[in-house]
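The structures come next, written out as structure tokens.
Paired with chain B in one complex and with chain C in the other, chain A is shared by the two complexes that follow.
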Partner chain A sequence: MITTAPHLSPRRNPLLGSHPGRRLRMLLAAGIAASALSAVSPQAQAQTQVQAQATAQAQAAGAVRGAGQFTDGRTSAAGTGMRTDDGKSDDKDGADNVLTVAVSQSVDSLSPFLAQRLVSTSIHRLIYEYLTNYDPGDARPIPGLATAWSPSPDKLTWTYKIRKDSTWSDGRPVTAEDAAWTFDKMMKDPNAATANGSFTANFAAVTAPDPETLVIRLKQPQANMTALDVPIVPKHIWEKVGDFSKFNNDTRFPIVGNGPFVLTDFKVDQYIRLKPNKDFWRGAPKFDELVFRYYKDGDAAVAALRKGEVSFVPNLTPAQAASLEDAENIKVNDAPGRRFFALATNPGARAKNGGRFGSGHPALLDPVVRKALFHAVDRRTIVDKVFQGHAVEGEGYIPPRFAPYFWKPGASQRIAHDPAKAAALLDGAGYRKNADGKRMGKDGRPLDFRILCHATDPNDKAVGKYLQEWWGDLGIGLKVDCLDNVSDPWLKGDYDLAFDGWSVNPDPDFVLSIHTCSALPATPSGTGATDNFICDERFDQLYAQQAVEYDAARRGDLVRQMQSRLYDTGFMNVMVYPNALEAYRTDQIKSITTMPEAAGNLYGQDGYWSWWSAEPAAAGRAASGGGGSSAAVAIGIGVSVVLVIAVGVLTSRRRRATADDRE
Partner chain B sequence: MSGTTNSSGSSSDVPDAPAGTASSSGASGIEMKVMAPSPGSPGSRAARTAGAKAAAYPAYLAGKLGGAVVSLFAVLVTSFFLFRIIPGDPVKAMTHGMPTSAEQLATLRRQFGLDLPLWRQFTDYCAGALTGDLGMSYQFRAPVGELIAQKLPATLLLTGVAVVIYSALGLWLGTRSAWRHGGPGDRLNTGLALTLWSVPSFWLGLLLIITFSVGVGPVPGLFPTGGMESGGTSGFAYVLDVAHHMVLPVLTLVAVGYAQTLLVMRASLLDEMGGDYLTTARAKGLRDDDVRRRHAVPNALLPTVTMVFINLGHVAAGSILVETVFSWPGLGGLFYQALSVPDLPLVQGLFVVFAGAMILMNLLADLIYPLLDPRVGR
Partner chain C sequence: MTTSLHWARRRASVARFWRRYRTHRAGVAGLAGLTLLALVAVAAPLLVGSDVQSVTHAPGEALESPSGAFPLGTDRFGRSLLGLLVWGARISLTVGLLAAVLSVAIGTLVGIVAGHYGGWFSTVVMRITDWFLVMPTLVLAIVLATVLSRSVWTVILAIGVTTWPTTARLVRAQTIAVESRPYIERAKALGGGHRHVMTRHVLPNVMPLVLAQTTLGISTAILTEATLAFLGLGDPSVVSWGGMLQDAREAGAVSSGHWWYLAPPGIAVALVALAFTLCGRAVESVLNPRLGVAR
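So, the complex of A and B:
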């Protein structure tokens, strides 16, 4: 390690021995200067930005306060004043209750016409009203911007009543014209249809005969007309936008909207700040500010929660949740999720023109094999061991939280965990074990399957290990292909089985549509919206029926029949519904509405219920918050003092050194 | 960007002079004694050297500049094809898990220009790149140049400050360690530096967060857990706020990084210490500190300077791990996000910026060598 070059032992001068070389000192000094220089320019820029934003915010606050209703519940909250954020307030009148949410996903766009990520669409829920909202109890459609709605007898015309008590945050009234313009733009400009075009693809015309009436005419009946997840934007702002594919809605703050919050400031990957809309017709939110703060690392976010720097952290791992269980003032919310985690079986990839492609295993086309494979899957073990209890055993396609559509297989239909039956089924169908214990296919080759697994998902890998073991006992080989990018082999149909999962919306139309024949790619080289190349006549018939069924009960029934059919085909075997693990500080949030209300999640809800309903806790955070910020100042001063001293020492030493040189 | 590990791996044992300049002992050491810019020996020879240098420098400069321009152009072209090799359909990856119709997919493809044949995409890219337009990011719907400009200051600030501090610290400690090699100070310094060098930066970062941000036992939580600013501040308060947020990430980067400079400086100074010219210098009656400062250190500086510039080249790329742990809004995180889609224009743009920074720093190093060592560039 240490090179022992021949050398003379250097003499030491007791006076000067400890001095670093003069050049070295110059280098140091140059380094400090360079760092100071590089530090100054971005900050100078940022400073001016901040000032601009501060004035913009002040204006926003003025505009919001202008009309001033719904202040009743607020005054008391403001009086208690428990938490000052680390930052100094710019336009605040006293101490503020700030609700800080840790997020990690970057915003793709703040334009409702482009945004597709969960973080962005959640923000849009908070700053724009949609025609309808979802009941926090059972997710059925309830009034949003529209107060009432009705279809015509021929099912092709929908009439919505637009509420009168909603105003844009710049003071202009919200009218049916805004809604009509929003939908019309999406129909006519493909760039405006980038994010939500699937809702308007079937629209024939949208008109606003008067400010309180919106009329949508359809080409075909469409069942999700009470679940149009399209933010309605102010026409007077957006009609000035030129190219919708390039406008990100992040140039002027506050963003004019009419939701429960007004977005006042946004810095990429740093924060999104929102102020309550005091005029919001349902009532103003109780917190004085809602901040989404970026934590790119989950463990750092948990540390911030422990410290109290954030009030809420979503997407915890089981280990993080366990470590927070007995932490003081922190509540872990282990909520039923909206996702399903399934085993998809390649039904033989094909295109709409009949062209077949891919390399799916032919044995999997035999329903008996698919059934036997799923009989050998022990879902209880997956829940207990892989998800460590933070999941619910799965059966039907739609998770139980969506009660109107939830379906469970009957006793005769159910494919329960039964390895013996699996073996018997395979034996009966002619897949017998050879001398080596390998089960042989009809073509005389052993049954060896591949399963596509997401390399980024530890659950996939863990379940893969279990499947290898369980199916190995049946004499079936399994190769777990964990890839960073599963979409290439998936789209080419080059897989036998795959781990699949979707987040389900309150309206199940989309998650059902991805298993219809019309979602298949047009040609073998094209890509379609299909999930797993399923094309089943019976399923398609039911899909077509539910899509035009406006009666909620009858539609629910049809959707359940579809799930039953999907279950029987064995192409999509739902194993579990993973829970959503999240935690919040009870000394900052007194109460908050989950969705579903009884036991549900908080982050990524279908409505704005959680952040809108959150009530600040009265318990003092002021002390530690204020302490933190004064500590910050103290440290800042300390650092600068140290720097000044260091520079001083360096210069004085240099002087002394030059004096030495002169002697 | 794995250059850091490579260069350090080789430099921990044997002094490695990446510039290929002679900094080893023996004959060249003697020559160096004559050529080194030591103020005590102004002779006719030194004057001739200066004259030759004055004539050769412009040609040397032009050669290096030309080389840099060619490399940059090569980078520009390769970056297009390099990232097309990444498997994955950006449109499918971006829309995965979201309600998307086939028409929407087609719209996206058209917006991104992915419906065009590859040669058209390439010519469009070249035409754009040569006029300074790196294209539009797929996922952020914003010009790549703008996105990079947005995040570059944060990265330069964090990594730049860290590199300057750890280079200075490494130089200083390295010199001390070598000059008193084998002593307890040397052993403590190198031991500590090597231990910290082997610590994974994200782990150290998390430990620092838990200890100094959240607070453990008697240690109060002094620093923010992440981010670059609290927001809502301006003027001097903003500068303080950012400095406050910077302390832990800079500390992490310095702790993990300074060993490199220390070891290279130590090793190359140890090499010089056997030089006869040092004996001569002592024989002249120079005090020990002057021998080190004026004779040994300048000659030992070259490999370290090379490494400092390589590290400065890395500054633009940031440090993905540290940026992630401290939620620092820099380029490292942006690169990771771009790769995971793959957001081709963004990846290409970042690659060009990273490679460009490296080329620029190498160029600067090349331009500075002749000033530090007259033998280079003749």
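So, the complex of A and C:
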């Protein structure tokens, strides 16, 4: 900007200038400005991701939370530019059937010992076998690497039979020794326990008496022994790894594994390529290649789907889903999800040693205030307006999809939508409105809360707007704090309320464990696995009982009691269970298995069923996009708006340049 | 008596300014546009009422296309987009004005001080200015807006502290030019201190420049505000044009063909930026005849 203009002679108005050459230059410059504008955003995006990743790796608990909250790979806030891979085109092997999946969530690590985000753990399902898998129909444990298993009469020793027909992709056989080494490593090296340490915390010893037998001895009975979601890795590769906290398994490709796919190539935020494992014991996948390609912008991914560049797009917005319903050769899958979307209130952050920290609002420690807040929330409106019907009204903690554990409050226990009752509760408890209509707390200060919201999640912001108005009517102020990195204030306990959400596994142990006292950080400065600093004696008793209960019905009953208790404490209140909204091209994918098979999701399943089962359509990739015109029009308008803005910028810049020239 | 003479002179100079300004047709058009917009923004509570922001009392269905009831359609909550556009003008204009004023204030201060004292002090200050000048404004603003809490004031601050270097350089040059004139030397000889010279002699002489720079700065500030809000760095609880664009993007309006969600705020931003630029340009050429003959 420093004196670049060669002359100071009178100039035509650049905007109204009629000289053809100048106009051309202007257009060119406008184009450059526009591309510069869009080039900025991936940078910003990268920056926030680096931040997120750093936090994830530095703090175990933060990372665990990140895993849950990033689960549905939300459209990112700061990404307008889409990235494609570096010139490698799928068309180079035109005859091949390639299944391309659009993803937006960055991989945190390809090491199964570190990875916690949904995209990474889904990839691990595809490239490594776990001891057991989940049936796509009813999610009951079925054989994976183990063909059979049985506990000893004292419930403390589990014996697994390891299958003989599984080989690593480098040709070596898979033995019980690999599994024993994997678990042993997690037990002995804290750096290897980052991602899945909760499974092995109660293990006493793991041995492999022969190549087909794995024996796990427990300190105490453990109910989730048939749902150990731990990828088994090849010992002969991984025993060479030095520092497990730093090794991300992304230096040598293909990655040696034994799942239905083999990971052949990976570029951060560009693509993940997988080839089918032809020797996979359950049968080889039908597609010739599976590619997860990054689209940081949801609109770009949908446009690519319309054009047939990608076969599958997850995490659609309701508007996108509605417009894709009419599109040719595209099927929209709207299925009950495995997530819950909840409001968490800070119960007064504390550590195991009793140290209190954080800045939670003292009024929220009063159960009446919490109850009043939840009474004022209209879940029906959230489902109808924010999720446009693509969600189910929240009840208990675990989504209805997991029927054995689903619980909902009875009529007397239920905190239903009732603003009048909310106001009456507050009045009765002494929180009266002052002259300005603001509720006053016991300490004489008005009730003004903050809510921690994920800047990357449009739903957080949208629900926040409704909460502001509902609670505003009650006389309670709400400040919506939307941050890219919510982990820092969260771990420090610096929040009053927060939007919370987790993907629930078929075995609920993990999502329950994060509300026990033992998950609290050891000291105020430490980090624990805790989600919301909840520490309730009764809840902990029930948790301990269910953890050792091998009878499914009795365990289900205990888990329901735990949810009832959690509901009554009022520190967590589930607003909705969001649906999985996803779409795929029927002219590229002939059939694909949802989980559960009846009405289930495809992306982020508990098993590898969707991508393993997907069958290519005969037409292959030749199909052209139907219904792309309206998107093209919209994108055209968007581009022209950017251009108009760019011209504006340019004009002002040029004027400033002349200003710089003076004196 | 001196005062009345003073005022008479001022009146005359304002009249002279307006006579010259009137000859710039683009400038007059820009001014007319701005006046209209300012009126709309000020009268927004009467025109649309603050209820237009309410999501719980939204009158329409989500994402309705333009109709008689909703001339620009509705947003994802069923609110009238025309109402939001009118309401959003308030934030966009306020932020634009305040950020430009802040930026120009910092720039003027730095410029005058550097130009007045000169020497090594000036060199150090101007190197700092150069450092800010080569920093990409948008990236720096994004970093600031990310680190600080989300609010309108953060955005104003982020824009203000990142866009001042141009003004600083400009004002410093003008300061040096003014201070080389004989009457400054006379003022110094009569015992005028640094403060006296800077505030009584230099500042009034750089004011026209500062004024023109502010007008031009506003359009940049409005665009930057819209960009930051579009990137999701604004305050989500206030309605602004950039925020509307961001909402549209988050709702997937681009790929689902809801153009009416995107186009109006984008065009509004472009038009306001254009109007300010036209005004600023006219002011600049009136105040500085060397820029060219009046058109």
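Points to keep in mind about this one:
Here, the second predicted complex is superposed on the first by the 499 of 663 C-alpha atoms of A that agree within 3 Å, B and C clash if a C-alpha of one lies under 4 Å from a C-alpha of the other, contacts with A are read in each partner's own complex, and residues count from 1 in each chain.
Here is the rule we use: contacts are C-beta pairs under 8 Å (C-beta built on N, C-alpha and C of every residue); 3 or more make two chains touch, one makes a residue touch a chain.
Everything quoted here is computed from the prediction, not taken from an experiment.
Of the two partner chains placed around the shared chain by superposition, chain B and chain C are both touched by A:299. Judged by the touch definition given at the top, the superposed model places A:267 against chain B, while chain C stays out of reach. Applying the stated contact rule after C-alpha superposition, one finds that A:190 touches chain B and leaves chain C untouched.
Applying the stated contact rule after C-alpha superposition, one finds that A:487 touches chain B and leaves chain C untouched.
Look at A:381: by the touch rule set out above, it reaches chain C but stays clear of chain B. Applying the stated contact rule after C-alpha superposition, one finds that A:108 touches chain B and leaves chain C untouched. Of the two partner chains, chain C is the only one that A:464 touches; chain B does not reach it. Using the contact criterion defined above for the overlaid structures, shared-chain residue A:502 touches chain B, although it does not reach chain C.
Taking chain A as the reference, the larger set of touched residues comes from B, when chain B and chain C are compared. Residues 1-2, 8, 10-11, 13, 16, 41, 43, 47, 297, 299-300, 303, 306, 484, 631, 633, 635, 637 of chain A lie in contact with chain B in one complex and with chain C in the other. Across the complex, chain A meets chain B through its residues 1-3, 5-8, 10-13, 16-17, 19-24, 27-28, 31-32, 34-35, 38-39, 41-43, 45-47, 50-51, 54, 85-90, 106, 108-109, 111, 114, 116, 190-191, 193-195, 197-198, 201, 245-246, 248, 265, 267-271, 273, 291, 293-297, 299-301, 303-304, 306-307, 309, 484-485, 487-488, 491, 502-503, 505, 510, 519, 521-522, 527-529, 628, 631-633, 635-637, 639, 661. By the touch criterion stated above, chain B contacts chain A in their complex at residues 12-15, 25, 86-89, 91-105, 107-108, 110-111, 136, 139-142, 147, 150-151, 153-154, 156-157, 160-161, 164-165, 167-168, 171-172, 175-176, 179, 181-182, 186, 190, 202, 206, 209-210, 213-215, 220-235, 237-244, 247, 267, 270-271, 273-274, 278-279, 282, 287-294, 297-298, 301, 323-327, 329, 333, 337, 340.
By the touch rule above, chain A contacts chain C in their complex via residues 1-2, 8-11, 13, 15-16, 37, 40-41, 43-44, 47-48, 75, 77-78, 80, 297-300, 302-303, 306, 316-320, 322-324, 381, 385, 388, 453, 455-456, 458, 461-462, 464-466, 468-470, 479-484, 630-631, 633-635, 637-638, 641-642, 644-645, 647-649, 651-652, 655-656, 658-660, 662-663. Only residues 26, 54-56, 58, 62-63, 76-78, 133, 136, 138-139, 142-143, 146, 149-150, 166, 169-170, 173-174, 176-177, 209, 212-213, 216, 219-220, 223, 226-227, 230-233, 236-237, 246-247, 249-259, 262-263, 266-267, 269-270, 273-274, 276-277, 280-281, 284, 288, 290-293, 295 of chain C touch chain A when the two sit together in their complex.
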